[in-house]
Amino acid sequence: MSTPITFAAPHAFLGARPGDRAAAVCVAGIPLDIGTTNRAGTRDGPRAIRAAARMLTDGRHPVTGVDPTGLDLSDLGEFEIALGDIAASLARIEEQAAGLNHLLAFGGEHGVTLPLLRALVKRIGQPVGLLHIDAHLDTSEDNFGQPFAHGAVFWHAITERLVDPKRMIQVGIRAPAWPEMYDWTRSQGVTILAAQDVHESTPAAVAAQVRAVLGDGPSYLSFDIDGLDPAFAPGTGTPEIGGLATWQAQGILRRLGAVDWRGADVVEVAPAYDVAEITALAAATIGWEYLALLAARG
Amino acid sequence: MSTPITFAAPHAFLGARPGDRAAAVCVAGIPLDIGTTNRAGTRDGPRAIRAAARMLTDGRHPVTGVDPTGLDLSDLGEFEIALGDIAASLARIEEQAAGLNHLLAFGGEHGVTLPLLRALVKRIGQPVGLLHIDAHLDTSEDNFGQPFAHGAVFWHAITERLVDPKRMIQVGIRAPAWPEMYDWTRSQGVTILAAQDVHESTPAAVAAQVRAVLGDGPSYLSFDIDGLDPAFAPGTGTPEIGGLATWQAQGILRRLGAVDWRGADVVEVAPAYDVAEITALAAATIGWEYLALLAARG
Amino acid sequence: MSTPITFAAPHAFLGARPGDRAAAVCVAGIPLDIGTTNRAGTRDGPRAIRAAARMLTDGRHPVTGVDPTGLDLSDLGEFEIALGDIAASLARIEEQAAGLNHLLAFGGEHGVTLPLLRALVKRIGQPVGLLHIDAHLDTSEDNFGQPFAHGAVFWHAITERLVDPKRMIQVGIRAPAWPEMYDWTRSQGVTILAAQDVHESTPAAVAAQVRAVLGDGPSYLSFDIDGLDPAFAPGTGTPEIGGLATWQAQGILRRLGAVDWRGADVVEVAPAYDVAEITALAAATIGWEYLALLAARG
Amino acid sequence: MSTPITFAAPHAFLGARPGDRAAAVCVAGIPLDIGTTNRAGTRDGPRAIRAAARMLTDGRHPVTGVDPTGLDLSDLGEFEIALGDIAASLARIEEQAAGLNHLLAFGGEHGVTLPLLRALVKRIGQPVGLLHIDAHLDTSEDNFGQPFAHGAVFWHAITERLVDPKRMIQVGIRAPAWPEMYDWTRSQGVTILAAQDVHESTPAAVAAQVRAVLGDGPSYLSFDIDGLDPAFAPGTGTPEIGGLATWQAQGILRRLGAVDWRGADVVEVAPAYDVAEITALAAATIGWEYLALLAARG
Amino acid sequence: MSTPITFAAPHAFLGARPGDRAAAVCVAGIPLDIGTTNRAGTRDGPRAIRAAARMLTDGRHPVTGVDPTGLDLSDLGEFEIALGDIAASLARIEEQAAGLNHLLAFGGEHGVTLPLLRALVKRIGQPVGLLHIDAHLDTSEDNFGQPFAHGAVFWHAITERLVDPKRMIQVGIRAPAWPEMYDWTRSQGVTILAAQDVHESTPAAVAAQVRAVLGDGPSYLSFDIDGLDPAFAPGTGTPEIGGLATWQAQGILRRLGAVDWRGADVVEVAPAYDVAEITALAAATIGWEYLALLAARG
Amino acid sequence: MSTPITFAAPHAFLGARPGDRAAAVCVAGIPLDIGTTNRAGTRDGPRAIRAAARMLTDGRHPVTGVDPTGLDLSDLGEFEIALGDIAASLARIEEQAAGLNHLLAFGGEHGVTLPLLRALVKRIGQPVGLLHIDAHLDTSEDNFGQPFAHGAVFWHAITERLVDPKRMIQVGIRAPAWPEMYDWTRSQGVTILAAQDVHESTPAAVAAQVRAVLGDGPSYLSFDIDGLDPAFAPGTGTPEIGGLATWQAQGILRRLGAVDWRGADVVEVAPAYDVAEITALAAATIGWEYLALLAARG
């Protein structure tokens, strides 16, 4: 009676111990999805991502040899939300994120990043730098009148001074947008790297630019799975063609070990549109790569 | 340049003329889905149902020979909703439904029935009888604290006196539920016909019972697609096994031409979970059967 | 080195020997699908049906104990057709069907039945009786101006006197249609049994009625897979809700061993819309049940 | 911070407490699938069934009002198996099942029933009666030379005297089979009820017959999901058309509360072939109905 | 009552006004698909593309800031075709395309390009230059004897002098083909750029070569979606591995604003094989990029 | 009656003649899949690959003009295996591969490579060089205690001296693994090229490195389809993000015509997870590219 078979998935992400809020790093799912402007269903993202992560439990990082499960890691399960009520949900999420040492969250929609940043900034007492991988700017003041829709998250994060826009870089941007949004975002000091720029550059060059923007201050990673191309991540609500390949995302992230990471989220996985779990696996692997960065710094 | 090919779908339901609120019968889609307690995505129901209805445009009713498109029919498109805000959405829906002569609505989630009933009852000045086909009672006071979630719609409809519970019959009920909900519902005077009862009876007998409950007063049909079995309607958010076959639903409806129908909805089609459009086609056909009842009475 | 594993599918239907036109019974696929009025793709039906038939190769009929593979059976592969040309295709199909002793054909669309009947009637010198299982009458004079579209097949078969309409019965009919089509069909002497009639009767009673209509003359089975409900056969181009369950189709067919069967087809399987091969398996099993009827008569 | 939202699935079946082998009733998944003769993948059955069971957590039984979660219930997670080795896996499964008070197991393939019966019979000291719902007899001496393949499980169970064949009834049988298998099975005293018999009878009559066969002795339920029709359970490896509807299975089971149940399994769910989780939900609900029988007897 | 929600798709492409043949730019769907040599179903392409285009309605071009919907744009709906008759369909298509100022057509199969070019060349009185993105040469004299099959379209276009082969360039070619086809095509003066060449070059270099071949004369874009790799566009009938990524196609097209564009088509989207709408979205976005080129030139 | 239509798939790979073990090159399917550590179902790989190969039958290689079907080629069908028994299956596979002149095998899981190498090395009397394309090292001593699981195949191949590790190169490696496995593999002399290395290099450079490692001795190609990225090959059991694009694999293989190829396999295609046949088509095309290399050398 010994080693469990891979296909019997552990219930917690990478088999982490459940429910210990005092762990050095916590994982949580946040099944909020009611502020989505297109296809629905990211509420089921955390369950799909945890299941797909079963494929990552046997072995260490292939490049660095680092073991993400060597971290002091706990899976807190799903955060509670308020059914059908965005504002109340954001409050509950912030409450549950408060006081954690370090959180890797799986969405849910991108709107969940706002309360996570609120909780983090409240704890550390200063705005964070931000690596934002996405097809969309997400700096609209609202979406169709809803101020806390998923496309407005960084308008709030910037105006609430949760993020230092001069230490914020957006990578993979390519969706139709209003020129005013570009203007406002750039006027705040944010660096925007279009998907086409990434394709016509290299991961090393992009990583260097990210590194330069983030600097040495505390930083946060917000990875919208639609930053990837729909070929690599069909299971999402607002896909845009022309996006990143997974190898590009990995090639960038793996070069960012020196950043002072304080938290991360991977959002917008909508499993009903996924195929053979490839989107969920991409999200799980991005989370795993992030943990490997943490584990590598000891 | 003559007859259009079937597979070139008309943009409006059954090719009805667009946007005439004064039509004798109007069709509208209502893409609200944020009060759903399980799988998401009924926002895309109306689009899928209209597309599937292309298969119903060539011919008349096979039993009665009636032509549903012979009605004075208009498709109003999608009703506007307020993104991420249930209460505001219900208000807008009621506003848009107000004053219509007769509405066949395609959801969206079951919560949309509440403002439709409010608008109808306001116009006709009296509560309606209700044929409610569903796997669920939907008479919970709230779902997870959300009073306007999709499982609470008839608690409101009854307590707001929109529906006369003595003239209300629920058919196909079979989901897990709390005994208190059964008790409350029955105590209001509602007749509950479990799915198992339908299976062990005949459509004719069920129709007779429905007919007796509805009586001669003004009546409304609220058809939750999960009243059908998941084999017949997989594309929905809260499926329950043991449900009705489409032939049973048709066998019941076709015998209800003498009811004084004043409006109807077909809700809870979630296309992301559908297969070969069979759920959307079922919803479209139920709507078409309903229109055939109206057309038959001249 | 002995018994082959079930999941290594034989290349020919039920492992029949390939290419012997002199066999007592031949099987062929007919990948014509360009006269279809709705969803496309029955060209791939024969391949899917043969693959699904791997699940039927190990054992005999569960009720009669008869072994369909005990027949003198050959699989002729796919009949050639003329790409993009209905008339030329019908001619080629008739040519290839000519002179065969007994043919079980897998479509392809329903239009293929016409040349098969032409070849059969030419050989036996008299019209046949017909059991036609379908959601649609298929007695339109044309579809959108195309005389040889799939919905016109029996208009031709009757007017060309290939079928004796007094010995023709249609079972499972339920699609929207024009009253004139019903009138014309009935005026020819055809018996029409709506799906609803089958549901509210029993397989035994339906089989008795079929038996009475077909009488003792030579007869043909034309089984459109959309005679089944979309729940049981989603993989087809013109689905209609309210259709037969597979057990009903089997319950009827198994009681028709005394008919003088001279040929059969199973048509309109469109694998791109299938799920877990259930439609292809239904078609393969219907073919297998038919062969069991032949095998049982010795 | 209160009631969890439905769509945040509990990790254990119905939210049962994990890992307590002393519970009155235990649930376990058994991901063995290498003795399957057709489509593969039941190893993923338990994970899919647990996930689908999230839809059953809110409420009591709609007919009896009984609460299955009121039982003293524990979810043991997945049993360990030996990768690629049937014999060793059976031994390990038996070892893990030994000594449990009452086990509801989710497969995996049907072969897992053998070690479960071995463990049960060893504990209670006498053979059990068996309600076996399936499309297949499963009384082959071997499949393609493999004695412990999934189609041979009851040959072993009978010859090892784990089951009393006079108290064994098979319901839903309809697959192609060899007459010798029928003969041997019947000669042992087993009662065989074909699917067609169920369709042309009623759940009440079938339940009465099951009740008579099982008698008052200790009994076991082995529910192969392919006993259901592929329309209701496409996600399985060896589907056969003409099977049971879920309402029939429920209608039978609900009438069997007086049986002295000692254990049960629901097997052969292959999620890769499932659609919208309907097969997994069927399996979960069958398990839940079984627990409701146990809960009802107090 | 204000801004419509994104997921309530407009019925016309990008919400263009319907049915105005005098618009500066018209969009039309052409559901012809009967000359396809492999998987069927492009008849449903236009409906899927219009639906997917809902994701492009909110914002301007991310690189140029241009607004494609600022064009004088009308959606003409589906062109009529003759069911099951290629020759008659081509005539009808040409008739309907005649006299339009500028047409962006969505197929349907590639064969539709022929009548579109005939209508265009008739109107402008000279052959056009052609950018042909595709996996296939499409310069076969016929396919399986059918002269107007989808693989023969440019044999006709060249021999009918609709296209100036010296101003024709094919990009993305990679399918198995006959050397004689390559020889003939090159002998006409056509430039062929294999997919492998594109991969080992850059979009900028490819665009420069395209620009050089097209020159300053009137030009046409014919974009077969199978020019993209199946990973990016699975929903098509004749996929070939090794194809272009969407970012490459965008990177090329965006550099071709100076071309004298006179019309375009995007063909061969077969939605039954699509996944999460990614192929339809790719086609819609290519059409949107093309309109952005037109809009940018004022 | 002439050219067969493309969509009527030949039953043998590329229409090769069946069952001639004396052919210069043989193709065979090997449906073994019970040693798989994650998602199941490669048993159905060969059937899916042969079906997808119908798309490759009409034409020659687009770059070289070579005709793979010009080889003296035979399709042997599926090799027999022992149901549920790895060791016995490996013995049977070796037996069936023995004595063939040259074998291209389609799996099945990667474990099948071991008996194929045993048979080949026995015949030629010396170890082979190996190009191993894969996400995984596959040099584990066992998987979960099973020595012949699919992740252990090259541990055996190296320790049995079937492969000369100094002439072995692994391309595309990127899965989580144990550092000890990397150490052992490299200590044997194997060259490991990570997927990231391929992405940041060029096919030409990779091919040159492969060429240098393989040298002039007899060589074997083992292509695990999961070497490709899940976007290009979702239909596999142990996907890993960050993998190769098909154009990269083709770009490498096409430059390896000078290698002394003695055999090849393409493994791990699991059709239940495939989409629109793209994985099966990738596998078929890789096989076809390999045959083109053989055909080019005359």
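As written, the chains take the letters A, B, C, D, E and F, and residue 1 is the first residue of each chain.
Heads up, the rule we're going with is that a contact is a pair of C-beta atoms (placed from the backbone, for glycine too) under 8 Å apart; a residue touches a chain by one contact, two chains touch by 3 or more.
Per UniProt, the chains are A, B, C, D, E, F = Guanidinobutyrase.
Quick caveat, the model's predicted, so the values are computed rather than measured.
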{"item": "Minimum number of chain-to-chain contact steps, chain A to chain D", "value": "1"}
{"item": "Path length in the contact graph (chain B to chain C, fewest steps)", "value": "1"}
{"item": "Partner chains shared by chain A and chain C (touch criterion as defined above)", "value": "B, D, E, F"}
{"item": "Chain D against chain B, contact positions shared by both copies (same if over half, else different)", "value": "different"}
{"item": "Most remote chain, CA-based centroid, reference being chain D", "value": "E"}
{"item": "Farthest chain relative to chain A (centres taken as mean CA coordinates)", "value": "C"}
{"item": "Centre-of-Cα separation between chain F and chain E, whole angstrom", "value": "36"}
{"item": "Whole-Å gap between the CA centroids of chain B and chain E", "value": "41"}
{"item": "Contacts with two or more other chains, residues of chain C listed in rising order", "value": "2, 4-5, 7, 37, 39-40, 43-44, 83, 144-145, 229, 231, 245, 273, 275"}
{"item": "Chains that touch, pairwise", "value": "A-B, A-D, A-E, A-F, B-C, B-D, B-E, C-D, C-E, C-F, D-F, E-F"}
{"item": "Contact footprint of chain C on chain F as seen in their complex", "value": "1-2, 4-5, 7-9, 11-12, 29, 31, 43-44, 46-47, 51, 77-78, 80-81, 83, 92, 95-96"}
{"item": "In the complex, chain B residues that touch chain A", "value": "33-35, 37, 39-41, 43-44, 82-86, 143-146, 148-149, 272-273"}
{"item": "Residue numbers on chain A that touch chain F, as the complex places them", "value": "2-7, 54-63, 65, 202-204, 229, 231-232, 245-248, 250-251, 254, 275-278, 281-282, 285, 288"}
{"item": "In the complex, chain D residues that touch chain C", "value": "37-39, 144-145, 173-179, 181-182, 194-196, 199-200, 229-231, 234-235, 238-243, 245, 273-275"}
